[in-house]
Amino acid sequence: MALILLLSMSAGLVRVVIGPTPADRMMAAQLLGTSGIATLLLLAVALDVPALLDVALIFALLAAVSVAAFTRRRAGADRA
Amino acid sequence: MPEPAMTAPLVLCIVLPLLGALFATALPGRAVAVGIVTALVTAAAAVALTLAVWEQGTLHLVLGGWEPALAIALRADGIATALVLMANLVALGISVYASGYFQDAIRIRSFWPLWLLLWAALNGLFLAGDLFNLYVMLELLGISAAALGALTGNREAIAANLRYLLVGLLGSITYLLGVAFLYTAHGSLDIGILAAAIAANEQLFAVDAAAMTLMISGLALKAALFPLHFWLPPAHANAPAPVSAALSALVVKAAFYLILRLWLDVFAPVTGMAAAMLLALLGSAAVLWGSWRALRAARLKLLAAYSTVAQIGYLFLFLPLLVATPEGPARDNLLAALLLMAVTHGFAKAGFFLAAGLVQTNAGHDRIDELGGTAQRLPATTFAIALAGSALIGLPPSGSFIGKWLLMQQAIATGQWWWVVVILAGTALAAAYVFRVLSRAFGLEPTPLRFITDPRAEVPALVLALVSVAVLGLASGPLWTLLGLSGADA
Amino acid sequence: MTAQLLYGGAGLMLFVLGIWSFLVHEPLLRKVIALNITGAGVFHVLIAVAYRGDAAPPDPVPHALVLTGIVVAVSATALALILGARLQDSDDDA
Amino acid sequence: MTQLVLLLLFDAVLLITLLGLALAAVLSPEPRRAVMLFIAFGLWLALVWARLHAPDVALAEAAIGAGLGGALMLAAARRAARARRQDAEAEP
Amino acid sequence: MSWDAIDSLLPVAIVLSSLLPGVFIFLVDEENHLLRTVLNLLGAVLKLALVGLLIWGVWLGQPIETRIDIAPGLTLVLSADALSVLFVTLSSVLWLITTVYAIGYLEHSPNRSRFFGFFSLCVSATVGIALAGNLITFVIFYELLTLATYPLVAHRGTPEATRGANIYLAYTLSGGLLLLVGAVWLRTLIGPVDFTVGGVLSGLPASMHGQLVAIFALLLAGLGVKAALVPLHGWLPQSMVAPAPVSSLLHAVAVVKAGAFGIVRVVYDVYGVELAYQLGLLGALGLLASFTIVYGSVMALAQDGLKARLAYSTVSQVSYIALGASLLGPVATIGGMVHLVHQGIMKITLFFCAGNYAETLGVHKVSQMDGVGRRMPLTTLAFTVGALGMIGIPPIAGFVSKWYLGLGGVTSGQYWVLLVLAASTLLNAGYFLPILYRAWFRPAPAEWPKEHHFGTRFETMGALLWPPVVTAVLCLLAGLLASAPFSPLEWAQLIAEREYGL
Amino acid sequence: MTDPTFATRPDPARAAERDRDLKLLLAVLLALLGVTMTAIYALALNAGAAPRLADLALARVPQTGVDNPVTAVLLNYRAYDTLMELAVLLAALLGIWSLGPAPAGFQRSGPVLAGMVSWVVPLLIVAGGYMLWVGGYAPGGAFQAGALLGAAGVIVRLAGDPQAGLPGEAAQRWLLVLGVLVFTLVGLGLMLFGAGFLTYPPKLAKWLILLIESAATLAIGVALAAAYVGGRPTATSPLDPRPSAQPK
Amino acid sequence: MELILHSVAAVFVAAGAAFFVTGTVGLLRLPDLFTRLHALTKADNMGLGLIMVGLILYKPDPFYAVKLVLLWVLVMVAGATGSHLIAKRALRRDGEDLQ
């Protein structure tokens, strides 16, 4: 199962690489994040390492941070 | 479990500057006072450590009370102690000098904590008995050194130190990969255990050799061995003077110390003539190229920086001779001479840079061709440059004279006479670049009234330079005792 | 120990890839990324060594080393990037 | 047995994509794309650590790779992109 | 005090008696003339007293030696034998006189603390060379001498001074390096090289003789630079830009003598005359010395600058010492040894006088010396004594040296030495007599180039006048009282007896 | 990185070609190196000392005061490394501070982002606390917790507060040194009482480690957030008005 | 019993995975940004939700379940905010990030 997810993620990666717009890449990254969480959850079960759940939790929390980081603009930066 | 009181200096040498750095960070208004007090107590701890090693031989402390394999060991043998003593005395001098060097509050606040962290890293590095701990120390050293070097804030300094930081990171990562290999093969990080394991497992020669190659090339990058020296001159030449002194005299030496430690202790069964020859050839190139560039340098501090490249090169010339010389008094002498060269260079280069900084402050620049008047207005400083310079050349009486004497002696004795040619050429070039500076001191300028005008700035440089010449050149016997080596006639 | 070899080998590939990129690419950001990838390669080797199959508990020592290494790497990255920013500022001023 | 093969396949895909990501990150001249790829690389790395039973490291990697390191690098990438644009404007 | 307590401290005390005042002089404020003068003279007098003690001890045959381990296996040995006493005495006596002269000469120019500091260091290095008991000690002090003289040559600060100093440095440091290699090489062969009467190498197997010849070449090249053997003499005329006291003491005495003294040490106390002769080293040395003697004199003829002429004369005269060392047999040794002293006092007289002419009248060239004898009779008288001594006119000191050298040549069957001496004497006369003629018999010009009046009742300042007069008297005494006890000749005979085991 | 020495090149087209060749050559060489190292690594894995430190480290865990073996290594067996690692972080931050004041912050957040921030930040802090606590017996610990706190700072700065929600300079400085300070003082205190530097008595180990970890978490969080701010705190300096005050 | 639970869980997980695959395919194949955005949010929320249900069924433990639900909510919020921000930026075409 995890394998399928992984394959799907790999395909998603293509979008990250090819773009064409940064928005596309970001969306793809978001999808990657989510499927990464899913993969971690499955791995937690498959490998019997419950702590991977915490890893997934942090993934989710920090996905928010990275989305914000991607879309913020510096005060005073010119709108070129 | 050794008596804590006995091994206390071992810990204190590292912890005291660390604490000082913390207080200097937390109390920025009192940074100078905290710094000076810390410098004094740390140097005192280093002296105490030296006395302890002098009396009892190698000190060894496993932190945490676990099995040595599991925990981190601190150890102070003769080599480490000699370098610790040198580093701490030099650092004390630099601290005194720095207490008057920086003028604006922001620099003062930035300098002291970083400087004390650097100091802690130096002591920690010299005293570490664990390969991964050494990695952490290397990083602490590299990061604080690069940050200190950029403190002047001008473009060249930032660019040079950024490059220094990146190169240093590359070096330490490469080193770490070597450590990973060793852990894979031998399951330990402790220097002593690894040494035994490497000696016992000859079938892992390939792994050990690979690890050695990785670690030594990573460290050679940090020690600025030719041709990996490219980052050093701009970084050292553009840093504030006390920082340049510390970088050139101590930080580079720390990387070399590690190479030596690995060479002598950990990889002793793996090292061979081919590797030693390669390193010594690079060392020769460093001697010649560094000296040549120093001769052509337009600026005083750049000259000093290139001279460091050359001086580090000399230290590598010892390796093939160490390989070729069987255990015994001759090898002891060679090892002691190696240490003597390193220690002397530490004192001399620190003195040189401090004095150069003073010249720069006084003249507003450090272009050698225009220094005449300044050199003459500051007789004590010029004198310090002269003393330090003669130690860099290797003129008697200086520690490096004895070092070079013994080096040449062993080169002739082992039939590797070609190093003598390198040493001679390097010495002649060094004389040329040092006297190129000194000849500016004899101009038609007005007479200075006093020998010393600004004691806090001039005395440290003078004292450090004097130590490299008078103390190390005339009474280096105690070094042999400290190293625990027989001082027999070779 | 197939997994160990697989992941360790991949780590070594990452290591050389990072070094290659560090050597050939000029911009600071690319050098920093390259260094981080090099570091990741070394961590790979360590974690692979620690891995002892799915049944046995892994060796905690390399894990701790890698954790320390990560902190060091991020510290250095931060300093390098901000040094680069200052450098760019001084270029802009000039 | 199949499980073993599947796991091996999983390993293979994970590593190939990981190396591919690293290569793409390293080869990308556009700073922001490089950083994004690097962040994705960090995510993958966390998966690797998870796979190798190193949850502590995976936690740290997730926090650093996706969080701080990424944010720091993004800030730098923004600067770099701006500098590139300025250069491009200045050139013609 | 008993000899036991003294004999291990005396040599080091002699070195320190000028080293410590030197260090303190650096710290003296520039305007504090009195303190500086007191320090200078105190050191010089103290040293002289200590040297007196030393002479007495050596005469009695006391072993006087200081040993300091600077590193295991490397020992600094300061010891006194008859040969070192000769050189030490010469340096100490002349130091005192030159210090007085230098105070008069320089007390009104800038950077005095620096000058006198280095001046004292120079003398310390020179006595260190004299007292060196082994090769490494010799090398150390030899290099120190280079370092300490460099600032003195560069002292004036003019571009020519800097250039001269750099040339001086290039020569002497390169020489020092060769010497260093030779010393290291020798040490690897036989261990510590203590200077021993009769040499230390005679026991070595013949297979090593090739190496010994190579080492000798290295040592000779190193020492020959300071001894100004042709073709290594190029620095000497260049460094005449230095102030007169420097030229007089250092270049006439200390530096060149250090080289010559080193050659003597190497021949007698390292190789041993017998071995050196067997290896054919003496012949080579003799040829080199003879060539230098003639070449220096010829060059001196062509110089118009007074100091330059004296400098080439030095090149020529110092090689008499090497010549003496190169001839097998005690008589030639006596000639060479005694010339070490005689040339020193004669040449310093000449340089003092040259300094006086320059300082008082602004006269720098031979062609400007018309009638100086009438303007400055005492100085010119001293000059005359020195010049005639150089030519070898009895009863002045120089005659004694040449006599013994000639005799040495004859007794060793090398008659060509006489030829060299004759040629040299003729040439000496050729470049000194015209000066004397001009000074005494040509009318003085209406105006001197740059005349100073010091407001004394003598022709010039007392501190400048008396030193050359005293040294001129010494030249006469050394010749007249050559056979008195403790005269240089007697001492040279003592050395020769000990070296040849007579 | 710009290098002035390589700034001028005579012929760009040929230089570019040579550059490419060089890159390729380097790539080939490094690939060979990678393959060689992999072979050597395989050798090391096969012939190496198989359990390495694993068994020993796991066996001693009960005496360390914590149940998570990684935490045991980090804060007990190799506590000294961790102490120095905190010092590295401090050094990097001090280096950043030495380079000048913080650059401008970000534009103020819109309502959606503000809404997210308003509950992600507390969540991050809670998660940090959880990580810290859980570190004693399960994966987690001071560093992960500190990183979460740092991430909270990042998101606060992204949302418009240029100081990333950090306190004033004086407080920041104390918080920064807190981790190393507590660590060192505990170590020295133990030495003073005869146990040896960083040698915890088994009974106290758990609490001492928790104390150190708490301090370290705070310090790491503050250091990471401050590193993201990217310069000296500016609020205390009257010369630099807070950039966010400028309307844009 | 356990076997049935596991099978059901597996079905859920498989369904979730299918959603992910769909999302990815959508991301790759759909013509413009906004339709891609749509596909993405679908895959996100549904895929993850399904997998979580599967996992909760696989290992029924309250603490575990709470954590999973929290995780899901978090992902939803972050996803929603992210999509919103992306869309806003893309529509306005301002800001240096999205030139």
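Assorted remarks:
Each chain carries a letter (A, B, C, D, E, F and G) given by its place in the written order, and its residues are counted from 1.
One rule holds in what follows: contacts are C-beta pairs under 8 Å (C-beta built on N, C-alpha and C of every residue); 3 or more make two chains touch, one makes a residue touch a chain.
Please read all numbers here as calculations on a predicted model, not as lab measurements.
Comparing per-chain C-alpha centres with the mean over every protein C-alpha atom, the closest match is chain B.
Comparing chain pairs F-G and B-C, the larger number of C-beta contacts belongs to B-C. Here the CA centre of chain C is 30 Å from the CA centre of chain G. Averaging C-alpha coordinates per chain places the centre of chain A 11 Å away from that of chain G. Between chain D and chain G the centroid-to-centroid distance comes to 21 Å (mean Cα coordinates, whole Å). If you average the CA atoms of chain A and of chain B, the two centres end up 47 Å from each other.
In chain D, 32, 53, 55-56, 58-60, 63-64, 67-68, 71-72, 75, 78, 82, 85 are the positions where the chain touches two or more neighbouring chains simultaneously. The residues of chain A that reach two or more other chains are 9, 22, 26, 47, 50-51, 54-55, 57-58, 61-65, 68-74, 77, 80, listed in rising order. Touching two or more other chains at once are residues 74, 77-78, 81, 85, 96-97, 99 of chain G. Interface residues of chain A, counted against chain G in their complex, comprise 1, 4-5, 8-9, 11-12, 14-15, 21-24, 26-28, 30-31, 34-35, 37-38, 41-42, 45, 50, 53, 56-57, 60-61, 63-64, 67-68, 70-74, 77, 79-80.
Of all residues in chain F, those touching chain B in their complex are 1-4, 36-37, 40-41, 43-45, 47-53, 56-57, 60, 76-81, 84-85, 87-88, 90-92, 94-100, 173-174, 176-177, 180-181, 184, 187-188, 191, 194-200, 232.
Taken together, the chain G residues at the contact with chain F in this complex read 74, 77-78, 81, 84-85, 88. Against chain A, the residues of chain D that register as touching in their complex are 6, 9-10, 13-14, 17, 20-21, 24, 32-33, 36-37, 39-40, 43, 46-47, 50-51, 53, 55-56, 58-59, 62-63, 66-67, 70-71, 74, 78, 82, 85. The residues of chain A lying in touch with chain D in their complex are 2-3, 6-7, 9-10, 13, 16-17, 19, 22, 25-26, 29, 32-33, 36, 39-40, 43-44, 47, 49, 51-52, 54-55, 58-59, 62-63, 65-66, 69-70, 74, 77, 80.
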